Each structure stands twice: as structure tokens, then as C-alpha cells.
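Okay, so subunit A shows up in both of these, paired with subunit B first and subunit C after.
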Partner chain A sequence: MADVHPPIALPVKGVDAGAAHVSLGRAALYAALAVAAIVFLLPVYVMVVNSLKPLDEIRNGNLMSLPHDWTIAPWLSAWSTAQIGVQPTGLRPFFINSFLIVVPAVAISTLVGALNGYILTQFKFRGSTVMFAAMLLTVFIPFQIVLIPMAKTLGLLGIAGTIKGLIFVNVVYGIGFTTLFFRNYYAAFPAELVRSARMDGAKFFGVLGRILLPNSTPIIVVTVIWQFTNIWNDFLFGASFSDFSSYPITVALNNLVNSSTGVKEYNVHFAGAFIAALPTLVVYLVSGKYFVRGLMAGSVKG
Partner chain B sequence: MKAGFLPKLLFSPSVLLVLICVYGYIAFTMYLSFTDSTMMPSTTFVGTAAYHRLLGLDNWSVSVRNLATFAVLYIGVAMALGLGLAILIDQRVRAESLLRSIFLYPMALSFIVTGTAWKWLLDPGVGLERSMHLLGWERFSFTWIKDSDMAIYCVVIAAVWQTSGFVMAMFLAGLRGVDGEQINAARVDGARTWQIYLKIIIPQLGAVFVSAFVILAHTAIKSYDLVIALTNGGPGRSTWLPSVFMYQYTFTRNEMAVGAASSVLMLLAIAIFVIPYMLSEMRKVKHG
Partner chain C sequence: MASLSLSNVQKSFGPVKILHDISIGLQDGEFLVLVGPSGCGKSTLMNIIAGLEEPSGGSLTLEGRDITRLPPADRNISMVFQSYALYPNMTVAKNIEFPLQMRKVDKARREERVRSVSKMLQIEHLLERKPRQLSGGQRQRVAIGRALAREPQLYLFDEPLSNLDAQLRVDMRTEIKKLHQRLGATIVYVTHDQIEAMTLATRIAVMKGGVLQQLGTPYEVYNRPANTFVAGFMGSPRMNLVKARVDRAADGLSLTFGQGAGTVVLDLPDDACGGALRGHAGKDVIAGIRAEAVSLATPGMVPGPAQRFLEARVEVIEPTGADTLVLLDLGGSEFTVRLEPDVALAPGQRARFLVDLGKLVCFDVGSETLIA
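Right after this comes the complex of A and B.
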């Protein structure tokens, strides 16, 4: 991740302190950071290490130790044969479901956000500020308050328990965020560019398509990553509005871990958890800078 | 530019969706909370009966008490840890971006994944306790997740682990926006680093504290996934939160009016601090 702000000038070596004193302080500083880093990495280390062990080794051995007999069998089992509910399907169909939900939901909500941001910043009309505030507040509502009527609506629309239904829900409750992102970005967009394009005869879509969108790569990336992470990780909507054929990965993983009867296959659970985490982890590792920017934009509203 | 027909037309679907699916649904749920709905929505108005029943339910008071414990500890510890990590990282350390990535990556994970990992880590049979025993510390005991008085603290641990990196990132951005002149002046006067933080820097981070608080508090009230994955509300109902209560009563116990009433109270709890926060943020934007 790249730095956005330069560090404040805090002298590392105090003028009044001796060199030995300073290096002791530095050692303590690095020790504290190292301990914290280990604690933060521990759960993922445990997940990975134990997903590569035979079950006996977990039950008779130490969760912290490296595998003695390395095996990828738990991964294969989590992916294609583990029991989800009553069916031995593995997580694969639900991993695919999540992609089928996430890709259209992210695309649609991002496009709608761009359009809204454009309209809210480049045009004046009555009620626009109020509507923006109303959209912004949706970011905070506890979704429990909409579960019952949304379940009814999905039933009426004939898309209850389907991938389409989950796409719809995730788009609706994602618009608040995407509109916020684009609106703030376009509010700072140089007005002369838009004005001169209009003088050259660009119409509504011309300004959006030829001036704004080509200069929106950073905010598009931020929005796509934010939406991807949120929707991939959604559990409440998935648990409320999907059935076995349309479970997203989070619901399937929870099923695998919490409703397994008989022997608890910890190694398969860990492999499954890692499979569910992989897409968002990859996105984070590849584009952490944008991920952080999205978090910040999402946290400093208005 | 004044909006013509086209912009308004293209904006209207979003407006309609938000008005219906957010505000309309909130109104509908509020309405249901004043009816005698059970398995299916009913239109028979019965006043505040559902609220009376809700407030008299043990399951609800346990959920609210759990939320209080969880929220206070989660917000307090995540803020303290986030600020602490931000200050440590702010000391011009090597590998700063690597460290930040390590502290922040849990934010990219689903709470279901976090819950699964911590569920087995905290499990006395396979997790930390067993590891300590095998390392020779025979008397080490850590059975909180199986103990109905302590299990809620396990939810705190996992939630803090997931979010304190985010709080760190917020504080770090705040620290780097602090005016350098005052700091230099204090340093010339011979102030020590910790004094500078305590007296000059931290008092200037008020806005970050407020933002972090609002985000953590509303996350705490909404928390659902983590509890389901980590303890599934157990042992017994010892880690129920209002979100778990709402789901149980609405979809499992067929007491839809009570479930609706509980979600209305959740919304009110969030609104109490989010609306003032939003108003002040919007005023700030308006007045530059």
C-alpha cells in the first residue's frame, strides 16, 4: 500500500537521549509491533496449516504446529465432496453462486452510482440534497428492519430464493454507497472540463461517457472493490433470501461448519473458510491501496 | 446546470428504489410491530402489544445486556488498540506498509470466515488451551467459548481482531493530518514524544474519535454474522444479540410482530447517534 500522507516529523533520535537509550526504545517498539503482527496473522496461519493436515494430526496434535503428513485432501473435500446441509456437494456450487451474484450486482450498482453521482453534481434540481441525504442514511440502517417486507416483495416478484433475488437485494442496498463514492468524486471534478465539453455540443451521455467516465478509473476501482468485498461477504441477505440452490458461499460455509453432525472435520472447515476468504483476500493483496481508500471514503461521510 | 427531463428521469429509479425499499419498508416494519402478525403479516392493529411482550421477554433482555457488554468492550478495545497501533506505526518504522497490510487484512474477510477460524482457535478441545497443554503448560485453562458467562467475550475478541486494523488506518490518517508546527515548537521546548502525543496530537484527533465511534457502534448493533459463525448464539442463549433475537423470533418462532418491534428498536438505537453525526458532517461540507 502506498502512503497517502507524509509522516509527521517526529525525530526518532531524541537530542536529549543517549544512543543506547534510543535503540532500546526502538527495540521495544519493534517488539510490540512484531507481537501484534503475529497475533493478527495467527488465525490465518492456523487456518492454512490445519487445512493441510490429516484430521488425526489435529485431534492428537498441536493446532500451532506445521503438518507432519502434508495433504490437500481437506481442500478437495471442502471444494467438491463435503456435506453442505444434506447434500455432499462441497462448496463449489456455492462459490459459483457467489460469483453469479457478485458480478452483476457489482456492475449494476457501480453503474447506477456513477450515473447518480453525475446527476447529483452536474445538475441542479429541487430535492436533490434531501435525496442524497436519504440515500446516505441507507448505509447505516440495520438490515433487520427491511427483512420482512423484502422477503414479501421477492415472493411477489417471483424471485424468492433465487440468484436474481439476491442480485436485486444487493443492488438496492448498495446504491447508497456507490452514489456516495461517485458523488464525492465528481463534486471535486474540474468544472471547466465539463463546461467546455458542453460548449462543444456534448449532450447528457456525451459528458458522462467522454469526459467523466474516462477520468473515473480510481473511483471505479474503489467502488468495485468495496462492493465486491461487501457483497461477497454478505451473510444476512443470503441466509434470509436464498434456498439450497442459491446459497452464497458464506451461507454454505456456515452450514458446513455449524450443522455437521458426527465427526468434526476441522481440517475441512479450515480449508472451506480459506476458500471462502480467497477472492476478497486476493483483491485486498492486489489492490490494498484502493481497498483502504474505499474504507476511508465509506467512513468519512458527507 | 439546471436539470432537464433526462437527468430527472434517470435519477428517478434510484429514488423510487430507495424510497420504497428503505423508507417504505421501514414504515411497513413499524406498522407490523403494531399488529398481531405471527407467521404471516397481519393487518389487525393491536397497539403496542408486541412491544409489551418484547420488553417482558427474557430472551430480549439477555440480548440487550449482551449487546451492552459487547458494544462497550468492542468499541473501547478496538479504539484503544487502533490508536495504539497507529501511534506505533507513526514512529517512522521500517516495513510500514507491510505492517499496515497485516493489521488491516482481516477487514477483507467475511465474519463467517473470521468466526470459523476463531471458533476452533478458542475451542478448548483443539485450540489454544490444548496447544498450551502440549507445550507443557498443563494448568493453562481457556474455556470461555463453552462458558455461558464468558462466551460473549469471545465474540469481542474476534470482532476486535477483525476491525481494529481499520480503526488504526483511520487514526493513522488523522495523525498525519496533524499540524507539524505545534509539534516542532513543543519539541524545541523539550517535550518528550509521549507528552507530545498526549497533550498536542491526541486532542486534535477529536473528529477521528467521533467517526470511529459512530462506525464501531453501528457495527456493534448490526453484528449478526460473527455471532452465528462463532457461537451460534450459544452456549444456550448466552451470546444472543438483538440481531439474533430478531431473526429467531421473525423466521423461526413465528412471532413476526415481536421480531418487527425488535428491529424497530435496533433502528432507533442506531438513529440516536447516526443522525446527529450525519447532520454535523453535512453541515461541515456545506460550510467548507
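Right after this comes the complex of A and C.
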């Protein structure tokens, strides 16, 4: 990632020859980066400016212009009064639903992943590689294939259409990823630390809780971000396994935007979409540097 | 502190035998060094003692207690690892306290142990630091401190000095020796460095290819090596191992090095090598002579009863400061001797040397074992 342009990344100090070439390359690099930044930021810009305009301005003016009459009414409407399905509840209850699903699902799948990674790397038992391969395979199973068996399972467990049901689905589907993350991290974990802890008297959970987990910050951050964004953004499971009381925000947003009655309130839709995207944005902004660091961890042995 | 006994310990991975029938008995307070080239099985043997690996056969007892199947935590053994294995998330104090905490020792006692151990190892000023803020030598001390904290029956050291720079390694070696003298602890120490083995051990176990080659005091291993491998492995420069023919001579035996014109003959008394050489008259043996068993003869010198003259050509002179290593041509074979630092020799010169026959050992050509 960091070495896309190695010759440019090496500033030559005190050497005149080639200096012009270097600065030219730099300029081209920044130009390319600027273009990429504009391409990525443009949709965000469109969303933000249009969510702050009255509906008339969107209909009459163009999408790119700044608002003439600034207003936060679309945001308030999207949050608490917009019509979703049959009731004017806004996105708020579904935003809360999503949190009620995401927080336990992320916590459980991360802990189970850590436990699996610990067992798969620190204990040699018959079939451990087959078991890991099987878990890895779950990562590649398309969502659609598990829909019907999962519906059946949720029915059997008596948690169909509930928040608990969605937590269960997301945990099950996430374990493959979290196990993969932790297994690879713990495979590169210094074996002597674990051996030392065992000799010092730490038992099964003592080694995990006192030695492995406290030294797993980068991979925990990666796993939490990964799981948080995936589960927060999940639409298919939410649409398939929830009812009106347990819709996650993605489904609610879809219902808001696709409501067939009345006028299409684009400004409210933009605000709603932004509200739905906000938590993942915050997660990335807060922990983005850990994410990159964590992804790189283990690739270069320090 | 306790006695340790290994009987017929074996380890195989599938068809590959890593350890063959290792039996070692260790008295209370002994310092055993397991030494050998990499891949000789010394680390595997240590892991078996620690309980980190299970032996395929044989048994281990510590102070009369069978520990063969016990998990590592229940053996009452501490280990100092090559990488120190300090827990990076804990301060030095927490690291030292950890084994006591795991054993549910009460807080007052734990603090008392951390205090006394850190005082003994002079790491009191480091207690609140994290391992990454320490130098290599400091980490080493903390790792030893953690092992000392719970006062186990046996200490294991797995190449603890190999990550330190040369000067520090010598200092820490002395520290470990002091520690052993002060604690009177039973210690098993793994290293590939034969000088560490010689300086630290009360007994050395030399290993190669999963087989125990020799178990003995540093003196025995150095002066009476059981076979040519031990002879060549222990000591620097290596022991000279030269093929020679044993002949009956007028007043005893003689060793003839080389063939044809360049032969060098060394006269031996009849009882050389404890008399065992007599049976080899007329046959070839491998003669082993340490570099320091040879000195330069001065004019008019009369050899003692266990000394003989030897004439050879000087090939290379290597001054090391403390002494000078001189490479000789002994009947076509290279032969290193350790002489005075200011020795007056020149390459190509022939000179007379005095050999101390008390240090001569001979090995069977076929089995390469000591003739004694």
C-alpha cells in the first residue's frame, strides 16, 4: 500500500540532479490524489448539501449547488417524524434497534473468534486444520444460501422476528471472519509468552484473558470495525428475519425511501441515509489508523 | 531445591526419533548444562522437563515425585526463556508477581517476594516500567526475577544469554553463577555455547542427534571426552584430532603421524593412556591433543617423565593477544598449538615442541570412542 511510488517516496536531499523530476512526480501524485478525493467526496457533498435544503430548492435548482435557505428540518423529520411503514416514528427506534443488534453481536462474535483463534493456534489436536478450513469456508458462503435454513433454525429456537434472532444470525455469520482474524494473529503470537504463562500457573482462560487478549489490541480493533460495519450495514438478514418491531436501520431506511404514498421528500431521504451511515463513519474516523495498523500487523515481523 | 531424575526419556515425532533413551540423575543443588549443536534435542529435552512437551517414553521424577504426566503448572518448576517472555502488557512488578498471583498467594506475601527478588537482582528502580522500556540485560534480570519469585524446586534456563551482546553475555554469565552459588538451587541450563557450559556447570551433558554423548563434570568432559564428537565440540580452539599409527618401540610405544617422507613420530611410555593403548599396537587410532598441551621446547631442555619432544613445521601464526595460536603441519595434518603471546617463530620454520602426554587421549578409529 505504502510503496506504490517508491522512487517518488524517496526525497533526495542536497542533490540537484533529478530534483526537477522528483517535484514533477510529486505534483502528478498530488493531482491524482486530489482527483480521487473529489470522486470519493462528491456523493457525500451531494448528500449533505441536499439534506440541508428545503424540498423546493432540490426540485428547481441543481443537485450541486449550496442551499439558499439553510434548514435542519429534513434531519429532524428523518430522525423523529418521517413516515416509516404506517407510523410517523422517524428513524429513531430503528437506529436504536440497530445498536441493540450490533453491540451484542460484535461483542459475542469477537470473543468467540478470540477463543477459536486461541484454541486453533495453541492446542494441537486431531482435525484442527480441517476445523479451521471449515470455518474459513463459511466466510465464502453467500448470504442467500443460508436464508432458508436460518429461517428454519430461528423458528425452532423461537427467536424469529426478534432482536435476539438477528443477534444470533449475525454472530453465526461473523464467527468465520473473527476466527480467521484471531487465528492468524495468534499464529504469529510469540509462543514463549504462552508457554511461560502456562509454567507460571495460568490455566486455560487465564492464558487467554491475561496474556493473549491484553496483547491483542490491533486485531480486536480490526475485528470490531469489521463486524460493526458489516452488521450495521446488513440489509438482507434484517429484511428477512425481522418484523416491524425489530427492523434494523437499513431496512427502515429502505422503507422510508421506498414509501409509495405522498411526495418523495429527497431532502429527508438524504438526511436519513446520512443518519444511517453516521455510526460507521464515526467508527472509521476514530479507529481508522488502528485498522490500517492492525491489517499490517504480522505481515512485517518487527 | 530438589533432585531430578530422568530415566530412559524418549521422544519421537512419527518415525523420527528426536531423543534416544536419555537417563540423567541430578543431585540437589547441581547445575546441569545441556549442550550440543542445534537440532541435537537439548531444547526438546528441556521442554519435556518443563512439561511443555510429552515424552514418548520414559519417566521423570522430581524429589521422588513422578512428574512425567503432570501439567507444567503443577511441577513446581520455573523457566527463563530465550526471548525472556516478559508479558508486554504488565509492569516489571506485575511480571514478577504473576506466577504468585496464579498460585493465589496472598497479597502481602506477593509484595514481599517482589521486593526481595528485585532487591537481590538490583531491579528495584525498574518495577513500574513496562518490558519494552527495558534494555536487554534488564529484561534478562526481570525474567530471572520472575523465575525466582515463587521459589520452585527446579530452575530451567533455555539459552538465556544468546540474545545479549558479547560483553553483557559474559557479565550475566557471572551473575548466573553467583546466583547459583547463593541460592544453592538445582538448575538445568540449555546452551549451544561450550564456554557457557564449561564456566557454569557442575555437570555437563553433551548431546548430539538426540543421543547423550557424555555426562560428566566440566573437567571430565574437557580432559577425558567420551568420543571424538565431544572432543571436537568442547574447547576453543578445537582439540586436535589426528590419525596416527601405534607401534611397539624399544622402550614403550610410539605414535606415527602421516605417511612417507613427512612422518612425525611421537614416542610414548608403555603405560600411555592408562595402558589401554598397548592393545592397539600395529593399528591406527585417532590421537587427541589439546592446543595447550603443547609448548615450545627451549634449547637444552630435558623432558619430564610424561613429556615428549615433537618436531613439526610452522604453517600459520595467529596472535590473539593473550596467547598465540600456531598452526603446525603434523605429518600432513593440521595441528593447532597455543603458545606464549611473544613466541619467536616464523612460517615455514621447523621447530621442536614439548607435548604433555598426561593430556593425550586416543580414540578408536571405527567407533570413535575413547580408548581407556
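Please note the rule applied: the second predicted complex is superposed on the first by the 255 of 302 C-alpha atoms of A that agree within 3 Å, B and C clash if a C-alpha of one lies under 4 Å from a C-alpha of the other, contacts with A are read in each partner's own complex, and residues count from 1 in each chain.
Criterion: a residue touches a chain if its C-beta (ideal position, glycine included) is under 8 Å from a C-beta of that chain, and two chains touch if they have at least 3 such contacts.
What you see is a predicted model, and the numbers here were worked out from it, not measured in a lab.
Enquirer: So, does A:Ser196 touch the first partner subunit B, the second partner subunit C, both, or neither?
Expert: Once the two structures are laid over each other on A, A:Ser196 reaches subunit C alone.
Enquirer: Using the superposition on chain A described above, determine whether A:Asn215 touches subunit B (first), subunit C (second), both, or neither.
Expert: second
Enquirer: Once chain A of both complexes is superposed, is A:Leu76 in touch with subunit B (first), subunit C (second), both, or neither?
Expert: neither
Enquirer: Once the structures are superposed on A, label A:Thr280 by its partner contacts, choosing first (subunit B), second (subunit C), both or neither.
Expert: first
Enquirer: Touching A:Val48 in the superposition: subunit B (first), subunit C (second), both, neither?
Expert: In the superposed model, A:Val48 contacts neither subunit B nor subunit C.
Enquirer: By residue count, which of the two partners contacts subunit A more extensively, subunit B or subunit C?
Expert: B
Enquirer: Can A:Gly206 be said to touch subunit B (first), subunit C (second), both, or neither?
Expert: In the superposition, A:Gly206 contacts subunit C only.
Enquirer: With the two structures laid over each other on chain A, which partner does A:Gly176 touch: subunit B (first), subunit C (second), both, or neither?
Expert: first
Enquirer: Using the superposition on chain A as set up above, list the residues of subunit A that contact both subunit B and subunit C.
Expert: 198
Enquirer: Over in the complex, which subunit B residues touch subunit A? Could you list them?
Expert: 1-4, 6-8, 10-11, 13-15, 17-19, 21-26, 28-29, 32, 41, 85, 88-93, 96-97, 99-114, 116-121, 126-128, 130-131, 134-135, 161, 165-166, 169-170, 173, 175-178, 180, 183-184, 187, 190, 192-193, 196, 211-212, 215, 218, 221-222, 224-225, 228-229, 232, 242-243, 246-247, 250-251, 256, 259-260, 262-264, 266-267, 270, 274-275, 278, 281-282, 284-285
Enquirer: Provide the residue numbers of subunit C that touch subunit A in the complex, in ascending order.
Expert: Listed in rising order, the residues of subunit C that touch subunit A are 50-52, 71-73, 77-79, 81-83, 85, 87-89, 98-99, 102-103, 146.
Enquirer: Using the touch rule from the top, collect the residues of subunit A that touch subunit C in their complex.
Expert: It is residues 190, 192-193, 195-203, 206, 210-211, 214-215 of subunit A that touch subunit C.
Enquirer: What residues on subunit A touch subunit B, complex-wise?
Expert: Subunit A reaches subunit B through residues 1-12, 14, 16, 29-30, 32-33, 36-37, 39-44, 46-47, 50, 58-59, 61-64, 112, 115-116, 119-120, 122-125, 131, 133-138, 140-150, 152-153, 172-173, 175-176, 179, 198, 204, 229, 232-233, 235-236, 239-240, 250, 253-254, 257-258, 266, 269-270, 272-274, 276-277, 280-281, 283-285, 288, 291-292, 295-296, 299-302.
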